[in-house]
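Right after this note come the structures.
Across the two complexes that follow, subunit A remains constant while its partner is subunit B and subsequently subunit C.
Entry: the complex of A and B
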């Protein structure tokens, strides 16, 4: 029990930099959503049940008096389709999770929580307690700060997010440096980075993430023979 | 505290669609036998997705972001995460002020 509590705390502490950056972003979201006519309860409900920052900003941008829920559902699928890749990758490291724990864990899946979970996988074992420490800490901060933004956002004036928005990129860069293993990593990163940056200039919405990710894994698949050689399937540690 | 039925439906539609993308990966794992070339591809997924998430900021936003990203990489190799993130954010703020 003590070990579980320790793991839970370790997860919540690991994600602290993200929590600090999430507060102003969520305040901004709550402020914008309230300006669009959503009540504080509705703002909290969206943050609590959708729990996906990028999508919530896109949705508020498209919001109208008669909220178009068909369009919003399709938008949710498109903006969040990257979660399919993240879930498939992380699912392989969830041997210690029961089935209900897996389905609860996926409800809390975010770019940030997922990145820290994959980092934990590389350093050792990902326990349910550690994962829920990451996820619940972020959920509490995101929902509370959204609500606060809806209630007092106007009083805060124009919340400047400059610097804070880069904090998310900085967190991802730090985690990414831990994934370096060989020149093959460089090829994967180059393929993913170049395609993603180009796609962001020409494709609408968040399709650049899928485009870049697919380019990266295609590059990894192309390099496969040199990585494992014939007949070594399943021998290499993951 | 008001709750409009139409707004509630819209929020729930977004929540359900988002949850489907989150569990979709688990279902994909169950039907797909991951080995060989597919396994190499799956192993590369975390760095490939991370890179794809940050690439527009790092490469296609502006000179301050690109330079700050490089500084963050160097900081990440020497400092703990929180300190490296602080260095990155401070450098982007400073660079935006100088370069604009």
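Entry: the complex of A and C
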């Protein structure tokens, strides 16, 4: 029990810098959502159940009274299809999770929480307690700050003045430096970064994320095949 | 504190799509056996996905963001994340002031 509590706290503490960055961003989301006509309770509900930063901003942008059900469903699909890859990658390290724990863990899946979990995997074992420490801490901060934004956001002014819209990029860069292992990392970085930056200029919506991710993954696979020769490869990830 | 049925339906629709995407990957992969090339591909996923998410925000938004991105990489190799965030935000704001 003590070990579990320790792991839970370790997760919650590890993600503290992200929590600090998430507060202004969630405040901004709450403010924008309220301006679009969502009630504070609806803003909270969206943050609590969707729990996906980028998607929530894009969805709110497309919110209207014109019943955009198809549009929103496709938007959610495009913006978050990367979660299939993330879930697939993390799923390999979730041997210690029961089935209900796995579903709960996937409900709480975010870019940030996932990146910390993958880092933990590389340093040792990922326990459910550590993962839920990450996830629940972020969930509490995200939902509370969104609600606060919906209630008092207008009084706070524009957070982009303080550069807050760049905070998550800084978080991602910081996490990426921790994943550095060899020159192969540079190849994956370059393939993914160049393709996604170019794709963001030419493709609609958030397709650039999948374009860049697939480019990086293909580069890694090609590099491996180049170095080790064509092996008997069983399953290819779809 | 009101709940509009129309808004709630839209929220739940987005929730459903998001959760389905999150669940599919972990469940499908739990039973798959991987060869060496697939394993290499999977090991590259964190870097590939995170880079794809961040690269446009860093390199296509303008000079302040690009400079702040480079600063974050340099500081990120040594300093804790909290410092990196502060340095990056400070650089963005300073560069915006500097460039008008």
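Just so we're on the same page, the second predicted complex is superposed on the first by the 218 of 238 C-alpha atoms of A that agree within 3 Å, B and C clash if a C-alpha of one lies under 4 Å from a C-alpha of the other, contacts with A are read in each partner's own complex, and residues count from 1 in each chain.
Just so we're on the same page, a residue touches a chain if its C-beta (ideal position, glycine included) is under 8 Å from a C-beta of that chain, and two chains touch if they have at least 3 such contacts.
Source: prediction; values computed, not measured.
Overlap between subunit B and subunit C is detected when the two structures are superposed via subunit A. Within the superposed three-chain model, A:55 lies in touch with subunit B and with subunit C [touch as defined at top]. When the shared chain is aligned, no partner comes close enough to touch A:10: not subunit B, not subunit C.
In the superposition on chain A, A:19 makes contact with neither subunit B nor subunit C. Shared-chain residue A:76: touches subunit B and subunit C both. Of the two partner chains, both subunit B and subunit C are touched by A:85.
Contacts of A:104 after superposition on the shared chain: neither subunit B nor subunit C is touched. Residues common to the contacts of subunit A with subunit B and with subunit C across the two structures: 16-17, 21, 38-42, 45-46, 49-52, 55, 59, 67-69, 72-73, 75-77, 80-92, 102-103, 106-107, 109, 111, 115, 118, 162-164, 166-167, 169-177, 179, 185, 188-189, 191-197, 200-201, 208-213, 215-221, 223-224, 228, 233-234. Interface residues of subunit B, counted against subunit A in their complex, comprise 1-4, 6-26, 28-29, 34-60, 65, 68-69, 72-73, 75-77, 81-82, 84-85, 88-89, 92-93, 96. The touching residues of subunit A, when paired with subunit B in their complex, are 14, 16-17, 21, 38-42, 45-46, 49-52, 55, 59, 66-70, 72-77, 80-92, 102-103, 106-107, 109, 111, 115, 118, 162-164, 166-167, 169-177, 179, 185, 188-189, 191-197, 200-201, 208-213, 215-221, 223-224, 227-228, 233-234, 238.
Interface residues of subunit C facing subunit A in the complex, by the touch rule stated above, are 1-4, 6-8, 10-15, 17-19, 21-30, 32-38, 40-60, 65, 68-69, 72-73, 76-77, 80-82, 84-85, 87-90, 92-93, 96. On the subunit A side of its complex with subunit C, the touching residues are 16-18, 20-21, 37-42, 45-46, 49-52, 54-55, 59, 63, 65, 67-69, 72-73, 75-77, 80-92, 94, 102-103, 105-107, 109, 111, 114-115, 118, 161-164, 166-177, 179, 184-185, 188-189, 191-197, 200-201, 208-221, 223-225, 228, 231-237.
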